[in-house]
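For reference, chains read A, B, C and D in written order, and residue numbers begin at 1 within each chain.
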């Protein structure tokens, strides 16, 4: 009875606490008082607005549903050529961030550890004074700007700013820049797109095209199309993510040896003399050295030794690649997530060169670059690696300006990074949340929410220029300021007498739009795909788009949500490749220890899910809950392991395991997954925020070794060794049993599930 | 015998508790301004149609109740300072306070009644459900028609319209 | 009277899970707390049924099936409901009437697809989503059973729209959230009885199969998969 | 107690009503605490929803439904047994019937409440009457249980009338109550005759109702598509199980009262012997049904069915399953089939084992089928929460309390039947025997 009574007391106590919490939650809801009234006594009038998504570079056009001008739901715009009505989980959930309770409602200043709200003018004054001081001491080199914005116009604004003021260290770490880095590294400009009209064989190196790429929804459609045409996709990837599972061939391979695999394929081409002689003759300087080098070092058996892929498989892929008329060996940012990423990329570029980049294409006289004025490609922007070395070095950093980047969360070696950050005298962040990075800031001037901003997004990855316009669907809730405006006013203050052709950021956007207006190529996104006849008419200069003035054009642009040019011409992509350029960067053949694992060690292979883009998922509870739902693991880190490997370590399915790396111990729920590389322990990246959002799970990067690509400084995702310290017996026999049932499901049984 | 009484009492308490916790009562927000609105003055004297103020009635799911800035279209100037009602609303408009209208036709949140469907498509007159409001000189204190499901059923059955639950409860 | 049904092309589906998110947000499905999710009370009207893996490593492929209420033509759940809280409409949609449900969970016990979910605790919805509730769908109280209704509220809206435009309801007017957002266009929705509709053509595809056909529940959600043959 | 000088030869049967020991109050207090705790936990469940239980998806039914089936099963003890015994004119029934019937009454009340406890929205219980669908097995259940309850309470009440009359005549406590309840029964020939007839009609009626009740309960499960439930054998299987557990419960109750109130003179070894044999028979019958059910499953070998099967035999629920077999089959057979062990303590052990075993059987029937849905979702295991456990405890407490209260109001052994037995049964039986046996003269004719 005594026990019972105590337990009962506990229960009641707990439940009461729960009640209190619930009560508090309602109060915590973020919404300006003035607006609440509308919410309660509003007429519930529904309206729709078009805007664009900036969660990833794709620039999908969104259809926002508003009730009394409160955005409540988001859908895809069916007329947009980018997403054709589709939308990803990220975009669907994105509305919630406006109302997020822990969103900053105005500028805050860090007063010995406490963030105290201050007025915008005060905040701005602090910022400009600091910068003025630095400029007066002319320590321009000691100022670093880090931004991860996916909008190229914003990036352009940052470029302009740092150029005008003379800050050399702008770190532009968005997807596009990173993906094109390897090309820039060998001083050629990147191809615009994979030409799916021509391409008949796609060899994909580590890119999750349908999940995390520069245009996921477009690739999702195209991959299906490509395969329905009977063409093959081969993916070289350490993890069989759902998107990769769509490809016909999956080559499980650690990123460290992508290069070796690529050159192994190159060997087959060279041996069979099936490469594009004409191209290599014209554009590939030092080709013979390359040829010789590959023939000497990458014969199939050697390649097998280096990669662990059976030589006949390499031969098979090689033959498929060489016999394709327009093959494409594709990579993107993802390839850089390991210590020799840039090298891998160069090797893949070389492989493409052998087939003359026939799978790729460029847009003929693309007017985007003209739109941007100074495009971010045009100025040499430096990589994250520099900031790292600068931080670790004894050279001091005077100021750090962070915009929409949470690099502390997205990088390994976080402890060191945090220590170094806290030593910087002045950090200003434009983040809307006090995240892991901005918690070190001395000043936070929160940017608008995505739904309060204006912006212009575009992307060539479809082979046709498409521009989606992000317009504010709701008047700004709080005392937030668009970062673009801050930069502009800073320019005026820091450099008196500067000539800037625009007053504020929306002006800047309008001018970009004005270029479209004057150029007048293409159509608004408010109509379906043009027919062949229309295209023909266009060719002979027929143009239906008539606008009396720019303002009319602007209005209809906002209404249509975007502009695209289905009539743009393509041209083949012929870069000048130089063997020395490729292979003088960094040593060759790093024989990786990762294949010969030390006993009772596993490889910690961090993979990314499409629900999370660069660790920004945490503020969307619906996504956090869904994150592990198809393994029915909720709000917790899980680790997928191959059953055979698991048996070697005698750990049960769904048991809680304690894992240890050099950085420390952490726990995860072990999941049997027969599709995991033997010797791998696949853990997802995205959970484990501690400072904001629903803090749950573990961030595996915090426990992985601080290796990174020499050139780009990108975190390495699969080169940490981990060992299983202890394991609880499989926590739920029922589930364990059912899972094993699944795994050894016979044909008959699987049919019983199907039909 | 005592235990039995006690038990029965307790079970009673349980049910009272359950009812209390399950019942969902409309929320009141007292911090807003209130006015004593006269439908008579607006509709009879000034010949304003219902839909002029309840704008959603023909086009939206909800008829909607005008908010302050809508009142300000007429009440931004004080025409007749002697009338204290008018001064009240004038003050509210001037200080741009929000009026907390008392809604007497509160549907539970699991019932979906579309005004558009009934007024516009069904060609129903407002009075059919809300009665003749034009005589109300002060805020009404009770519903003209008690809104309960039977009311819907009567009309739907008379007119031979579907009475499928899913159409209103989703 | 139409007979609404859905066809999901597994060969197209990339398991991006957008349909799951869309469903969750469209229907105000509760986001349960960590503790309850751990107890197995997470609520999904649409979920990925992680059935099994085909082939042997490395040519192995997961065959994941997006699962929702299959809207059976012979629904077992409606047969056992003591209060007619779940029933089959004339247009074939199996509706769930929350204000009627007494929460006996008999329908859940009798659903061979475990497609129904129950509100175990009082609404503990995350506050971030509070303002983003879909105003067309009621937020279920605790203690009632809920399930996918093919976004029945959208059907209402579509009918109203069509009527106000003095035209008949077209196939494109009414489409559930999951089908609307699918980026791979793998989810088709329409009238199974209408010989001109796309779904009608698709359910005569050789790749067609339904889950647990032998139970004779006649699901109206069909799947297409070349692997299944 | 003005006139306790009237000493009856069955005085001992009246004693519990007039004399209350200290132990009674102590026990009552303890049980009441347990019960109250349960009530409080239930209120808490009302406030916070069913989340306070251990149930989850797909295990959506747990302790409450288990207890429901279990208690309704127990209820078969009574009425059915006493009816059958009366019907078969088994003279040894006389001291037993009353207790049996009381069990039924109390347990039906408790069991019948459990579905309501299990509801997510008990506040909408009236929907069942307003918008009930007769196609739903739950409604059949409601009907049959109410019918059974009415029938068995009347069947309990009628044989009680003469005893109440006796109490009324002795005067003393609750005399008014007794006067009302005894309906002016004077023991005249006509009254006796009417009473006899009423009892006879009822006892015929009760048997089919009782059988129907548990069949219908089994149908709740077997009408579904769940693997492991969808089986025709469930009807008889449940009935047998019910009678099985019923008898066990009856034996326990009898032994308990025999001990506390020294009824040794009325409840003799022979009674327990007979009941023990009956229990043994039921145990064998139960095993037969169990065996038949699982054998068919195993040979059918449908994947979903087999998953449940394995889950019970080797999987997560194997401990409970084998414990059930041990309790329901091995223990009774060992204790009841062998002369040395078939003592009253031995029989008690067997009965307790059976009651536990039958509760486990309900568990084995309800949970594993739900825990292994046809489509392979990874499922959580079902672990009952404190709420559920305390409510089970409360239910048992209520059962005992009910009996204690009854024992303070009415005699636990039907006094008048005993008297009738003592006076007449010898004659009646010998007459009956003579009817059976062939007459001597007849035999002689044959010889000649």
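Heads up, the rule we're going with is that contacts are C-beta pairs under 8 Å (C-beta built on N, C-alpha and C of every residue); 3 or more make two chains touch, one makes a residue touch a chain.
Small disclaimer: the values here were computed from a predicted structure and weren't measured.
Student: Compare the CA centroid of chain B with every other chain's and tell me the farthest one.
Tutor: D
Student: Would you mind telling me which chain pair, C-D or A-B, is linked by more contacting C-beta pairs?
Tutor: Pair with the higher count of C-beta contacts: C-D.
Student: Could you please state the distance in Å, as a whole number, between where the Cα atoms of chain C are centred and where those of chain D are centred?
Tutor: Chain C and chain D have C-alpha centres separated by 44 Å.
Student: State, to the nearest whole Å, the distance from the C-alpha centre of chain A to the C-alpha centre of chain B.
Tutor: Their C-alpha centroids are separated by 49 Å.
Student: Approximately how many whole Å separate the CA-defined centres of chain B and chain D?
Tutor: 56
Student: Can you compute the centre-to-centre distance for chain B and chain C, using the mean CA position of each chain? Integer Å is fine.
Tutor: Centre-to-centre distance between chain B and chain C: 34 Å.
Student: Provide the list of chain C residues touching at least two other chains, using ranges where the numbers run on.
Tutor: In chain C, 38, 40, 50-52, 100, 122, 141, 211-212 touch at least two other chains.
Student: Counting only residues that touch at least 2 other chains, which ones in chain B make the list?
Tutor: 22
Student: If you look at chain A, which of its residues touch at least two other chains?
Tutor: Counting only residues that touch two or more other chains, chain A contributes 44, 631-632, 742, 745, 749, 752-753.
Student: What residues on chain C touch chain D, complex-wise?
Tutor: 36, 38-41, 49-52, 67, 76, 79-85, 100-106, 108-110, 112-114, 117-122, 141-145, 211-212, 215, 217
Student: In their shared complex, at which residues does chain C touch chain B?
Tutor: Those in contact with chain B are residues 87, 89-90, 93, 95, 97-100, 136-139, 141, 149, 152-153, 156, 160, 163-164.
Student: Given the complex with chain C, which residues does chain B contribute to the contact?
Tutor: Spelled out, the residues of chain B in touch with chain C are 22, 24, 108-112, 114, 116-117, 120-121, 164-167, 169-170.
Student: Quick one: which bits of chain A touch chain B in the complex? Just the residue numbers, please.
Tutor: Going by the criterion above, the answer is residues 37-38, 40-46.
Student: Report the residues of chain D in contact with chain C in the complex, numbered from low to high.
Tutor: Counting only chain D, the residues touching chain C are 48-51, 54-61, 115, 118-122, 124-125, 127-128, 131-133, 135-139, 220, 223-226, 370, 373-380.
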